[in-house]
Structures are given as structure tokens and as C-alpha cells.
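This structure is in C-alpha cells; I'll ask about it shortly.
Chain nomenclature is as follows: A, B, C and D, assigned in order of appearance, with residue numbering initiated at 1 for each chain independently.
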Amino acid sequence: MSHMIRDKQKLLARVRRLRGQVESIERALEGEAGCEQVMHLIAGARGAMAGLMAEVVEDHVRTHLVDAERYPGALNNEAAEQLLDVVRTYLK
Amino acid sequence: MSHMIRDKQKLLARVRRLRGQVESIERALEGEAGCEQVMHLIAGARGAMAGLMAEVVEDHVRTHLVDAERYPGALNNEAAEQLLDVVRTYLK
Amino acid sequence: MSHMIRDKQKLLARVRRLRGQVESIERALEGEAGCEQVMHLIAGARGAMAGLMAEVVEDHVRTHLVDAERYPGALNNEAAEQLLDVVRTYLK
Amino acid sequence: MSHMIRDKQKLLARVRRLRGQVESIERALEGEAGCEQVMHLIAGARGAMAGLMAEVVEDHVRTHLVDAERYPGALNNEAAEQLLDVVRTYLK
């Protein structure tokens, strides 16, 4: 997953932030926080997870759909961008 | 949208079925149907719309991300299939 | 569905707008519009359908969870609002 | 959050399982796993998070929308169940 090497730090930062959010949910449940707070924390973590997925999908589309060394220029960047717009809409 | 010509009938059948479902929601509201029935009809129409989007996205990925005449074989079909699996999960 | 009588016009306006959006998708497919346009139209119709569902759910929560004539004041409005906030987040 | 005391163990088990899934994503990224595996792990964690939210929402509806000590029997259980069916559909 070569693009992962390139983008690894960015993705790792995201997943660690997400882990921190899940740990907050755990602490809230342990501390018997109110439902409202727990639902709010879960909604936030869900958004962070959607953002992580969107980024991995973006990397996947830009890097894996076409072997750029063998077929330079074969990926239609405009079509890829249109696809990612739809994906981001649905991942929200 | 050449692939649309090929798949046009299939997509048109889907969107017409979806229109029928939306018309059912309209009739249910006009007839003062119960909330439960209205929510059920909307959930069904939402599923149909997700199925329509999934099919259009699939066509888009298979047909537009790479110009197959100019770059035959450049689209990595396995990577495309992995992408579509994710898209279908999120479109549900 | 008594609250539907009250809110009927608002909901009917929403569902008719949604029907118009679905008809636009149909016309776009018939006219062999580009994938991008079709995906954009579907994403818009999906948003409209989510808005319709959010409104029906809101009516349902405010009107049916408690029989207000028999149990006036029994619905905890703050808890209902917290619930609807979550529902709206997920319906988006 | 009295119902949280009752259901606390169940929810804590869920959130800890979710934390484990997020840690798997982190390890996969650190180990430079393939995109496919990472996307698959994220989709699984997303399902677990949706299940957690569904359970918290269910507890919230059953316990907080009506103060059952003050208004015993005021919550319309059938209407609550219909609402939760919709919520579960959208949380998936």
C-alpha cells in the first residue's frame, strides 16, 4: 500500500484521534454520564470515522485503480473527483 | 455517457420504480395514513434510491475512470471491485 | 394521524418536491445526461428524502409517543429534542 | 442516567469491542496493510459504532422520554417501537 507510506502519518493521526474519541465514550459510560453526552460523543466519533474512511477511499482511488507506472495518465482525474464527491456525500 | 446507453433500460426501470414509491408516499399522506406506514414507505424508497445510486456509481467506475479504448486493461478490476464493495456498504 | 392533518400541507409540499426531483433523474437518464449530472441529481433527491423522513419522525415523536390528552406534560421535551438531534445527524 | 446503570455492562462491552476494532485499524495502518484490509476494518468498526448508538438511543427512548415514575404507562410502547425500527434502519 505504497500511498499509505506517503499518507501514513496523516492517517495514523486520524485513527489515533478516533481512538481517543472512543476512549471518551468508554469513560463517559463508566462515569455514568447522561445519555445526551454519550449520544453526542458517539455522533462525533462517527464523524471522525467517516472522515478516516473518506481519506482511505480517496487514497485507494487515486493510487490503486490504475497502476500509474504502467499506465501513466490513464486515470481520468475529473471522473475520479466526481466519484469522490459522491462518496464524501454518502460518508457524511 | 456511453455506458448509460447500454444500461439505460435497467436504470430507467429502477428510477420509474422509485417514482412509483414516491407517489405512494404522496398518496399515503393525502389519505392521512398512519405515521408508521409513511415512515415504512419512506424507508423503502430510500433503499430504492440507494440502489439506484449504487448502480450509477458502479457504471461510472467501470466506464469513466479509465478511457478503455485509449488505455485498454489499465483499470485494476480487483481494486475497482474493492472500492464498490465499500460504496455499497455505505449506500445501504 | 392527527398531527399529519396539521402538518399535512408541509409534508405534501416536501413529497411533491421530491417527486419532481425523481422525475428530473428520470428525464436525465432518458436524455442520456452525463454520469456526473445523474449522480448529482440523485444526491439532491436523497437529501430531500432524508429531510422528509426527519420531519415525519419529528411529528411522530412529538405526537405519538405520548397521548397528550390522557397524559398532558408527560413527554420530556428536552429528551425528545436530544433524540431528534441524533436522528437528524444520522438522516443527513 | 439510571437505565445506564442497568445496561452499563452491556454498553461497556460494546464500546470496548469497538475500541479493539479501532486499535486494529491503527495496527493495520502501522503495519502498512493493504487498502482493502483497512477499508474492511473501518467498515466493521462503523457497524459496531452504529450498533452502540442504536442501543444508547433505544435506552434513551425507553427511559428518558417519559418519567415513568411520575407518568406510569404514558409512553406508547408501540409508537416507540416504530420509531426505533426507523432509527435502526438509518443507523445501519
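Just so it is clear, a residue touches a chain if its C-beta (ideal position, glycine included) is under 8 Å from a C-beta of that chain, and two chains touch if they have at least 3 such contacts.
All figures in this text were calculated on a predicted structure; none of them were measured in a lab.
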Among all the other chains, which ones are in touch with both subunit B and subunit C? A, D
Where are there more C-beta contacts: A-C or A-B? A-B
What is the distance in Å between the mean C-alpha positions of subunit A and subunit B? 23
Please compute the C-alpha centroid of subunit A, do the same for subunit C, then give the distance between them in whole Å. 28
Two or more other chains in contact with one residue: find those residues in subunit C. 35, 39, 43, 53, 57, 60, 64, 79, 82, 86, 90
List of subunit B residues in touch with subunit A within their complex: 53, 57, 60-61, 64-67, 70-71, 73-76, 79-80, 82-83, 86-87, 90-91
Quick one: which bits of subunit B touch subunit D in the complex? Just the residue numbers, please. 35-36, 39, 43, 79, 82, 85-86, 89-90, 92
In the complex of these two chains, what residues of subunit C are touching subunit B? 1, 4-5, 8, 11-12, 15-16, 18-19, 22-23, 25-26, 29-30, 32-35, 38-39, 42-43, 45-46, 49-50, 52-53, 56-57, 59-60, 63-64
